[in-house]
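Naming follows writing order (A, B, C, D, E, F, G, H, I and J), and every chain is counted from residue 1.
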């Protein structure tokens, strides 16, 4: 099943610089795992902001929740989730993002 | 270049049923052309609504404007456009939607 | 899979009274079918408004879309859909709405 | 009487990790009591967020207020309450959440 | 049980003047009945607008729904309902609006 | 003159528990004075939230400002003020809140 | 007593041109009466829009309601009303708008 | 040239009481200068809130910016600025706020 | 003086096609006049929408109002106006839009 | 390619004055570089606020992201980005901001 996720991150201004770069390194590592495992199917940055928009694949909402909250920076994220259904034009799109 | 488009359609309640089905048939035909031409790269329906979310590819904003407004139902659409940038995780995503 | 749906209906002021009562009768009949088929698991009215909030069960977003748009009054509805995940307290709730 | 509650929690970034896990443990324990007492009738997680949506049963708004504010994490919650009325389809829903 | 209701009315611009004044006369008559029956406990106009804010008394949300939708102008109203609980200062207010 | 006030309080998470309970005690004492003086005519809690909705009486906006800002917790409040006018149904309401 | 009013007018697209100019002429005439009577104390146009922002003087909200709704174009207006209190700097302003 | 400004101030909860009263004293002094210099033409308090609405006069937006940011409490203000144009009724208003 | 204007146009669905194309032709002609007269200094389309964002030059808000409302499609436009001040970086921008 | 950017900055109230002025000096220096390099084509201040609106030129969204995030104060900015397309009136505007 596919979900459109918009994640934007806002670090508290009091977070020490070292903690922040450490957190971002762990965030990147976990992101790689999710991408390579086929969970994050496609991802793009919203330019100028610490935010991305991506299509995630998960068997269902429960697994999606586990996966999203496994991101180390999740406590600092605003998360918007929308379930996606099949569009009639999908089969005509060569690059269609799918679950399979 | 890639853009995330969210299109939702609302027909005026006074539109005769025949005009509406004719318009939707032409809309579908034009949508197929755009998908097969590689303009609409991936598209999903937002379930329960006459709305979709898709990634469009166009050389730039000018061409995007021409393409979106070529949709027969465009006068009845609310359109939200966001330019997309490359995310660092993109190269790890097997199904990454790209411009190429 | 479960979804929380908030449906609110607004008829165009120009709709003749007869068309409206006919539509509402068909809406009620279809609603009964969906309830009896186990699609609408629980439903409540938002008092004072032509609106309800309900938990729908469907195999996934595609089927949900078919089911919601099968409502005769759907063209006049504003629809908000949210996918639901399992909460850790669910197993403690005697009346928990589930998919099974 | 039934109420639809949407609770989302946001901990202050300065809260020490130990305080947070202690608070969440107490929150879970109190949640279990409310579920087992039949106050929380059905509850689901909004995936990807520290938020839930649930139907609470209470004799009236006064008792509801006591019950909600008995949650240890309540000071960190954004709370949305809506009273629920009976929908005509309710008696057709096998899993209908009720007060009784 | 008490509810705070904010009702604002917007007539469609195409409604003939005669229909409108007839509707408003029936609306006023029904409003008087509800006030005299103790349903509308206190009501004030929001100055400059076709809108009011009032405290309604009803045994519960079901009865409230019946009462609100009995207003002839209800189809043209935007309705906001909020359940009210007892405040600790209530017993100190000489003019406190109550259910009894 | 009457005003509808919606007051919601949010304490900073860093406020020590002792300061908070002291502040709330003083807030309650001042609230009692205002209720007993006939300033707060009727007040209700919005269930589940640290918020109330009340009708205040004051000779005019200047005096209202003095009275509201005399609340010890005012610096932590979000305040919404609306002037109230007489509604044609008011004289039919047995419990009508008035200025006199 | 003084009120800040923001009035914006939107005519229905189906209103015949003649009706519209007739209405605007009557609106202007009534506006002049209100200005000359000292009700509208100061008024400015919000440039580029059919909207104005003005300070109205009225003995209280009841009279204000009568005055605003005496505008012929009132049924097509969106109205925002805010009561105004005295600011400590007012006596230092040579052009201060006052009630007297 | 005239501008309508709505200024609302929110002090950080961590600001020491002494700093706050010092800041407010300097704010008042600067406000007096601006009023006496004819910059702030008319000003009113929004009752119940630390906010005001005023008409400022400045040769243009550049000078307005200098004047607003000269307020000592400006870093803690939310500022809304709207340019004002002449309304046709202005010449009929005895108390019309003008630039001259 | 410079203003940032965002204009979006929405034609009523009942407008006959011929009236619409006639209106758009007149709109274009008037737009050309304003551009060539130096009123519209720079203008861009918001892609996918019948909307533009432009910097207008006018001696002041009064003249701006005359100029904007001279657009034949103005009655169908939503208009957002913001006055612009000089930024410290402006003199470093080779393409800076100015009033002169 | 051109983008309309609206940047507003909000410093945390706990930031020491020295850090803040140092940051603003570095911000100004970087802004100058971007202006002189032709990245920031035109920029204006929104009067009364720590905010600007500017047209940026970048080969595409990726480069734009690099450029915006190179601003030292970026972590404290709220950023709104909109891609711009060519308007039919552009060639008539003497001061048209372009990419070339």
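Please note the rule applied: a residue touches a chain if its C-beta (ideal position, glycine included) is under 8 Å from a C-beta of that chain, and two chains touch if they have at least 3 such contacts.
Only a predicted model underlies this, so the values are computations on that prediction, with no experimental measurement involved.
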Identify the chains adjacent to both chain B and chain I in the sense defined at the top.
J
Tell me the rotation angle, 0 to 180 degrees, that brings the C-alpha atoms of chain C onto chain J, to the nearest 5.
180
Could you check which of B-J, E-G or A-B has the same interface as B-I, with more than half of the contact pairs identical by residue number?
E-G
Of A-B and B-C, whichever chain pair has more C-beta contact pairs:
A-B
Going by C-alpha centroids, which chain is farthest from chain D? Tell me that one.
I
Rounded to a whole Å, what is the gap between the Cα centroids of chain E and chain J?
50
Calculate how many whole Å lie between the centre of chain E and the centre of chain H, each centre taken as the average of the chain's C-alpha atoms.
39
From the mean C-alpha coordinate of chain A to that of chain E, what's the distance rounded to whole Å?
46
Multi-chain contact sites of chain F, meaning residues that touch two or more partners:
3, 14, 45-47, 61-62, 64-65, 81, 83-86
Pairs of chains satisfying the touch condition
A-B, A-C, A-D, A-J, B-C, B-I, B-J, C-D, C-E, D-E, D-F, E-F, E-G, F-G, F-H, G-H, G-I, H-I, H-J, I-J
Using the touch definition up top, name the residues of chain H that touch chain F in the complex.
11, 13-14, 45-49
Within their complex, state which residues of chain I touch chain H.
1, 3, 60-62, 64-65, 81, 83-86
Could you please specify the touching residues of chain B with respect to chain I in the complex?
3, 5, 12, 14-15, 61-62, 64-65, 68-69, 75-76, 79, 81
Given the complex, residues on chain I that touch chain J span 2, 4, 28, 31-32, 35-36, 38, 40-47, 52-55, 82-90, 92-98
